[in-house]
Each structure stands twice: as C-alpha cells, then as structure tokens.
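Below: the structure, in structure tokens.
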Amino acid sequence: MERWWIPPLGTWAALLVLTAALAALSRLGPAPALLGLLLLTPTKAWLVLRHFMHLKGEGLLLRVVPAVALGTLLIYLSLLFSDVAFR
Amino acid sequence: MTPPLSLAAGSTDRVFWAWVAVSVFFYAALTATMIAFVLRYRRSRPHRLPASEGSLLLETTWTVVPTVLFLTIFATGWTDYRRMRAVPREALRVLVTGRQWSWGFRYPNGKETSRLYAPLDRPMGLEVTSADVIHGFYIPDFRLKADAVPGRVNRTWFQATREGIYDIQCTVICGVDHSRMVAEAVIVPEAEFRRWYFGGEEAPEPQASQPRGLALLRTHGCLACHSLDGSPSVGPTFQELLGRREQIETPGGLRDIRVDERRIRSAIVDPRHAPVAGYPRVMPAAELGPDDLEPMVGFLKGGP
Amino acid sequence: MNTAVHADAEGTRLGMWLFLVTELVLFGGLFMAYAYQRQLHGAAFHVGGQAMDARLGLTNTAVLITSSLTMALALEAARHGARGLSRAFQGATLALGLAFLAIKAVEWSAKFHHGLRPGHPHLASLPPGEQAFFGLYFTLTGLHGLHVVAGLLVLGGILALGKDRPLVLECGGLYWHLVDIVWIFLLPLFYLAA
Amino acid sequence: MSGSYLQAGHGIRSWLLSTDHKRVGILYLALMSGLFLAGAGIGFLMRLVQLYRFQPLITAQTYNALFTLHGVIMIFLFVIPGLPAVFGNFLLPILIGARDVLFPRLNLASFWFFAAGAAVALASLFTGGGPPDTGWSFYAPFSLRTGTNVTLAALGVFLLGFSSMLTGINFIATIHRLRAPGMGFFRMPLFVWSLYATGWVQILATPILAVTLILVMLERLFGVGIFDPARGGDPLLYQHLFWTYSHPAVYIMIVPAMGAISEILPTFAHRPVFGYRAIALSSLAIASVGSLVWGHHMFTSGMSETGDIVFSVLTMLVAVPSAIKVFNWVATLHRGRIDFEPPLLYALTFVFLFAAGGITGVLQGALSVNVHVHDTYWIVGHFHYVMFGGTGFAFLAAGLHWFPKMSGRMYSRRLAFAAWPLLFTGFNLLYGGMLAAGWMGMPRRYFHHLPRYHGIHVWMTVGSWILVAGILLYVAAILRGLLRGARAPANPWGGSTLEWTVPSPPPVENFETVPVITEGPYVFREGS
C-alpha cells in the first residue's frame, strides 16, 4: 500500500524543527534573531508553499503566479525603503 | 503671467519653459502627422501602397529618443531641486507652523508673527511643521512649497529678489477653511528688517514699500472696513473701484456716478460729503499729506 | 437563464491562486507598514516585543502548523479514497483552528488587562514607537485571526455539507495553508522581536 | 441558432441575476452612466460655484464635500471599473472565441459588490457626520479627525476594490484558459492584452488599498495608532500606502482605454496595427513599471531625497511605453484605407488629449517643477486630460464603436459628429485653463480664490458650459440610436476581430461553433 501520509509528516517535522531553531536563535541576541527572521522564516514559508500547497507538482503558470506576488511585494518594500531608510 | 521673484524661481521657470517648448514641438509634429495621414489616406483617395506592420528601426528610435529626453528632464529638475533642499548655513531659520486655519511664524529670537517678514536678497530658511493636520506652505511667486506635516519638520528656503508683499496659500485640504488659510510674506530691505528684528518687542512692523499705497491703506486701518477681494464688509470693497457705477447720497438726493480719480480722492479726504448709499456713515476723515494720499489713490486706481 | 460554463480543475486552481495572491498582497501591505515603523522606531519595537509572551506565540505556531498537517492529510486521504479518514482529519483541522483562536483570546485579554489596547490611557502614555508596535500587533494578529475564522467557516461548511470532493478540499486547503504562512511571518515579527 | 442575448429573457430578474457576460456588461453600463452623469453634474456645479457663491445654499463645507464626492464617483465608480467592467465584460469572451468568462457567477458577484459599494459610498452622504470632506485621497490625519462620515465612505470604496479584484482574477483566468483553439497570446486582439495587463495590476495593487482603508477604519473606530502622529502613527506612511495603490490605479484606468483605441484605429484604417508586439508588450511594461512610481505624489511631503530621486527617475521611465504606443498608433494610419467615422474621430481625439495629459505628467514629474505645481490646478488639469481626455474619450469612442454590436442598432452619425466640436472646444478651454491657473499658483480644493485668479476661473467656467453641451449631444446621439436607429449589420465597420463575425447583437452562446484561429487579429482582405 502506498504510504501517502509520510511526506506531509516529514514537512510538518521540518517546520517544527525550524520553529525551534528560530526560537533558539532569537534568544541569542538581536543579530542572530534578525538572521533567523531573514533566513528561517522564508524557508518555512517555502516549505509550506512547496509541499502543503503542492507547488512542487504544478505547472509553470501556477508557480509563476505566487512568485510574481512575492516579487512585487519585495519591490514595494525596497521602494518604500528608498524613503524611510534615508530619512 | 506671474514673474518669478526668488532665486530658485527663475531657474524653475527656465527649466519649465524650455521643456514646454520641446514638448510642444514634438506634440505639434505628432498632431500634424496624424492629421496629414488621415487626409492623405482616406478611402476616397485610393492608393496601392503597401502598409508596413512594423519597423524595428523606427520603433527603436521612438523608444530611445523619449527615454533620453525624459531622463534629461529628470536631470534638470533634480539639479534645481537639490538646491532647494540645501538650506544655506548662514540663512536665518524661521519656524513655520500651520494650524487649522492660520499660519504662525517664530523667529530664533522668539518673535512671533502672523505674517512672514524676510529680508531682501538674503537666504531665509523655513522649518515647516503643523500643530494638527497636514497643511501645505506655498508661495507661488517664489515657486516654493513644503508640506506642513504634524510630528515632523520639513526644511526649505528662499531668497527673494524683489521687495513686496506676496501671497502664502495652504495647498493641502485641511478642513472647512482650507481656502481661507492664506497669509502674506513681506519682503523688505535688510536694514529695515534688522531694525525690526533687533528692535525688541516694540519695534514697528516692517512694511514692504511695494505697493506702498497698499501698505498705507493697511496702516491707516482702511482695510478694517473695506475688502480688497470683493467680499462685503462695513464699507464698499476696493476691488475694481475705478470706473465702477455707484449710487451716492448728495444733498439733492440719490445720484448715479461712475467712480473716477477725483471721486476716490474726495472720498478719502472728505468722506462725509456724498457717501455711497446703503452703507453706515462711519468713516472718519483722514489727515493725509500728499506724500501719503497720492500712493493710496494710485493703488486704488490700479488696485486689485 | 443560460447555464453557466463550468471551469475545469486547472482553471479553478488558477483562480484560487490568483485569489491567494490578493491575500498575500493584503498582508504584504501590513508588513510594509510594520517594516516602515520598525525602521523608524527600532528600539521601541524591541521594548514592545518584551511585553509579548513568546511561549504563547510558539505554542500557537505549533498548533497552526499541525493544523496545516491535518489539512494536507485530509486532502491526501480523500485523494486515496479514504473518505472517512479524510473527514476525521478535517475535524482535527477545525479543532486545532479553534484551539488557536482560544489561545489568541487568552493572549489578547492579557494585553487588554495591562492597558495595552488602543484607546487606553496607559497605551497613550507610552512613547510613539511602542504605541505603533501595539497598534500593528493588534491589527495584524486581529486580521489574521479573522482569516482563521473565515477559514474555519469555509472548512466547516465543506465538512458539514459533505462537499468534500478533492478539488474543493484542495482549494479550502490552499486557503488554510496561506493563513498558516502569514502566521509563520507574524511569529518572529512580534513574539521574537525582543 | 438561438436568439440574441437581448431576447434571452425579459423580466428584471433575467437581467439582475444573469450570469451572461454580455448582460453583466450592460448592467455595469447602465449603472455607471447614471453615476457618471451625476459626477459630471457635480463638476459642473463646482465650476458655477467659482463664479456665483449661491450662499447660504453652498458653503465652504459643501464645496469640500462636492469635490470629494466628484472625485470619488469619477475615480472609483467610473474610470477605474469603466472600460473593463463594461466593454471588457461584453467583449472579452467574444474576442477570444469563448462562450463566457471562466467564472460567470463570480462575475455577477463582482457586479453586485460594485453596486453595494456604490450604495454604501453614496449612503455616507446622508448618514453619520455627513458627506466626507477630505478629497478623494483621504489624507491622514485629517481623514482620521474630521467629523464627517469617512468611515462609511471608506467601507464603500473597500467593497468597490473587492469588485475590481474579482474582475481582475476572472479576466486573467479566462484569458489563460478559454482562448479559442489556435489563439496564442500573440494572436490575441490588443484590447485583450490590455485587459490582461490591467488584471494583474488589479490583483497586485488593489489589496494595498484594501488594507489602507481597513487601517483608516480601525483608527477611526478604535483609535489604533497607525497614521496619526498623536498616537504613534505616521502620516507619510498613509501616503505611501495610498499611492502604492492609487498610482497603479491610474494605469488601471488608462491601459484598457489604450487597448480600446488599439482596436478602433486599425479597424477604421483597414490595415494591420503598426508594431503589434510593441503595443502588446508595452501594456505589460506600463503595468509593471507603473507599480514603481507612486512616490511622485509625495515630492513635497518630506520624503527622503533618495526617495525623491528614485521616484522621479522611474516616473520618467514609465512614460516611455506610453510614448511608444502613441507613435505606433499614428503610424497605424500610414497608408491605410481610412473611413472617417465618428469612432475614429473620437479615438484620434483620445490620442491628442492623452498625449497632452501625458506630457504635463512628465513635466510635473521633474522635481523642481513639481514643487511649484503640486496641489495646484495644474495637477487638476493634468489628470482631467488623462482621465477625461484619455479614459473618458476612449469610453466615448468605444461606446460608438461597439454600440451597433451591443444594441443591434446604429447611433445617430450626425449627432455624434455634431457633438465633437463642442466637446473638443469646451474641453480645452476648461482643462487648458486649469493648467494655466495652476501655473499661476491657484491651489486646488479651494472654495474661495484670491482675486488675482478670478479671470481664469471665469474662463474655465465658460469652457465647462460648452463641454456640457457636447456631452448632452453625445448622449442624444446614443439615445436616438436606441430609439430610432437603423438595424446594425454584423460587421458595420469592416472589422477583422472575432466580435464582427457574430450577429449584432450577439446570440447568447456567442458562437454557433467554436472558431479556430489561424492568423493574427488584424488581417484585412481586399474589399472589406
């Protein structure tokens, strides 16, 4: 019999481990906390998108769509910072 | 139109008109081509010329040329803008506070005014802020604007190149009297400004000598009862006075006249004689020497 | 009236993803506000973060991640024909979602108790940066909470009405996972900011 | 073959609950025409107020409410939904050879969100603290502190945003999934391209407006400190968020208009459009670069100088794809076989007026110039040129172009021609006057103006009278067509796109058999 429940459990475990790592990092001080925020959080989001939301198996179009959204947000943020970061 | 009256303004205007000229050129060429094509290629004038579906050369040209043109426009605008943002070190810095619905000015030595006094040909720094909502501090004749934002200070400066009184207007909608949130910038020679600035509390307010007639009307209190903008008040407005039809009360009854220079003069010197009908008879006679009377009459003749 | 044309599965999925894009950007706007304020008030955000209960935040993260797991399993089960099992997993997802909301309610009421709610004089007496921090905290977690509620309504509806075809479950699941992703970002921004 | 979509059912319910994309389009058209005339009527009234005070009937407070209402109606209820909702709905499926949009029920829901949004926005006039007085941009902190009913108006606009987003989702999905066999992306008509680009802007920008309005409502209702500095907020943050949506929104208004013009010009020139790919791709370019320039509304706000520079440069760049389109349109007339019909006249007028508006946009995008003209009538002139001269005239042109298709009748050609000189003269007097007034320093949103500006106000008001006459004649041309117009043939203009292959008005299913596409959209045969 196919063991279809294994992959989701793996993703779930990875997410929990990453969360624990994030919590541990943020206790070490502001710099590691920021690092965790910038590295681990997107990794977690990526895991959810790829496995739980099945982007892994989707066609090109469906993978481009969320990428466009995230890219747009990044650009919005950087333009916003062209103001606030230089006040 | 309105001449530029500060250092920055001259430059802003040159940049603006230069690009207007360039744009009008392109625009006219474009429109002419469009009209010419429509006339030439009407169905009623048949032709067998093949129509092109595209041309890399042409399309590249009209991508590159506008890009270069637009970026040049940016560059010229930025050059002047950088200067506007860089307040010279030696500038006097006035704190400008907008509030619903008036402007207040505070000088470094503590003097507080409701008009902005500034010396001629000297840099004047402005630190613009607001006590409530956002306002916009705008002197059109100087091509100068800075938003007054609560919780922060925006800096700009100007250097006026002509004496006079200039309108300050609020440009950001701030409530019911947004359009009444106007004030004046009074530009006077440096010596006069210093006399006032260093003269303690009692020093007389500087008066711009241009137009002097207007300054005199103000000091003599005429404007308390006569408006300049046509709005009704205790007495008739000064707006478009010369040549206006009025009904006056003479000993012989009501009479229609057309206001001329003689009438203006006599109304100032001897207001009880033949006043305009329909207004209370409250105007005092003024004791004026010709030095004062003539500029006043001159102003009223050509006034707003 | 004419009969509606029915979108194929691929089209439905595309439509769903486009909708998720709007949700992403919606929260993206709030993250922009957060980033902006934090840039201007870094220190105050640090202080504000100290008032947060990281344990509650982490617990809730675990709860929500687990609910994502059960949701994914519900879909897989349905795809493999195990409808009963699928429905059980759907039920588990709903329960976990409710648990998340309950923990959130505990947390909010503690904040309310300490006068950290908008409009309270105590909050108004704090420095501007901290006021901004709590303003954003309530807005972001509140809006996220509303999305959890909406997700529960949708998933509950699917379960109650017996509409748990794989395609429907998949779309409901996509929404639920998106809500999870948003939370994944909220955790370090507020609870681990100190 | 079944009867036309107009005969598919009669009672009011068969319209209000129809999921037929054509009927939904007509519903939007009916509602929006009413809203436009109301908004335009308010504009007309504002012009009168600058001459006669009408006191005590109209006070400064009333005036502030008038321009807010005028702006909200025109922007959120007319030009933003405008072309996609009406012509997009009616034509998109037909242009790609489909029976309907991909999600017909969602489409109907969009309409009802729109109607609800309009109703709520209008309800804000009569409830709570009375009509909002902040201008359409709802700048904080004034919008947070004013006693007028901003909260409800924001809710209305929020619903309208929802409608716009759903339409965007629907159109993108439709274009991806329902193109007829053989229709690759580069065989789509240009109007479809423009709707595709617009759809992306709608879904990527509108949510930002939604959160901004949510934040305004939360701050007004619960005192959450986001924008008001008295509560730890920041007013410039509001401006950033508002314009992050509202600048892209101006491209939501203009890109479909450009698409419509790109259909009309080749149809009447009877030749393929010049530079098809450049026009198609420039729509995408406008949509993407257009999301990066919002800061040009904030040059005097106290943004950092780096921000000023970045946004000014990007503003210059976003103008380039528009310029490309304009030149390609003009080139499309070259060596055509031109039928000089009203739709063409209005389309050419679009090109003329939009170019003027665009040029003023570029000029005010230069930093030093912007400092002077920001928040003056110059800006008001700019955006009436692009929105009314651009989108508005495209609407008028598209209305004539597709009127036979939609109604099955011909409009009055004579009246349509007769309206033009009035529209054109009135328009340029009124809005050209605004540019002049702004350069002289006349601030916008002013009830009272200083005497030095009185002359130019008289000028503008006179222009508005001529313009009204033109609009009324145009409306007459349409009404006459509806009542007494001759029956329209399937292809009155000799057009080459798919909508001209189906009868006027189209049958419910649009096509008897699904068309198979073997060539590009603008192939004209001899003699057509």
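A, B, C and D label the chains in the order they appear, each numbered from 1.
One rule holds for everything that comes next: contacts are C-beta pairs under 8 Å (C-beta built on N, C-alpha and C of every residue); 3 or more make two chains touch, one makes a residue touch a chain.
For clarity, every value in this text was computed on a predicted model and none was experimentally measured.
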Chain whose averaged C-alpha position falls nearest the assembly-wide average: D
Most remote chain, CA-based centroid, reference being subunit A: B
Of B-D and C-D, whichever chain pair has more C-beta contact pairs: B-D
Separation of mean Cα positions, subunit C and subunit B [Å, integer]: 54
For subunit C paired with subunit D, centre-to-centre distance based on mean C-alpha positions, whole Å: 35
Residues within subunit C bordering two or more other chains: 10, 14, 18, 21, 24-25, 28, 32, 36, 40
Sequence positions of subunit A contacting 2 or more other chains: 61, 68-69, 72, 76, 80, 84-85, 87
Residues of subunit B engaged with two or more neighbouring chains: none
Those chain pairs that satisfy the touch definition: A-C, A-D, B-D, C-D
Subunit C residues touching subunit D - in the complex, by the definition given at the top: 1-2, 4-5, 7-8, 10-11, 14-15, 18-19, 21-30, 32-33, 36-37, 40, 118-119, 124, 126-132, 134-136, 138-139, 143
Interface residues, subunit D side, partner subunit B - complex: 59-61, 64, 133-135, 139, 141-142, 145-146, 229-230, 234-236, 269-278, 300-302, 305, 308-309, 312-313, 315-317, 319-320, 323-324, 326-328, 330-331, 333-340, 348, 351-352, 355-356, 359, 362-363, 365-372, 374-376, 436, 439-441, 443-452
Complex interface listing, subunit B residues touching subunit D: 1-2, 8-9, 11-12, 15-16, 19-20, 23, 27, 30-31, 33-34, 37-38, 41-43, 46-47, 49-55, 58-59, 62-63, 66-67, 70-71, 73-74, 76-82, 84-85, 132-134, 136, 138, 140-141, 143-147, 149-152, 154, 167, 169-180, 182, 228-230, 239, 304
Residue ranges of subunit A touching subunit C (in the complex, touch as defined): 2, 4-5, 8-9, 11-12, 15-16, 19, 22-23, 26, 30, 33, 36-37, 40-41, 44-45, 48-49, 51-54, 58-59, 61-62, 65-66, 68-70, 72-73, 76-77, 80-81, 84-85, 87
Sites on subunit D touched by subunit C in the complex: 8-9, 14, 17-20, 99-100, 102-106, 165, 168-170, 172-173, 176-177, 203-208, 210-212, 214-215, 218, 222-226, 229, 231-234, 237, 240-241, 244, 508-509
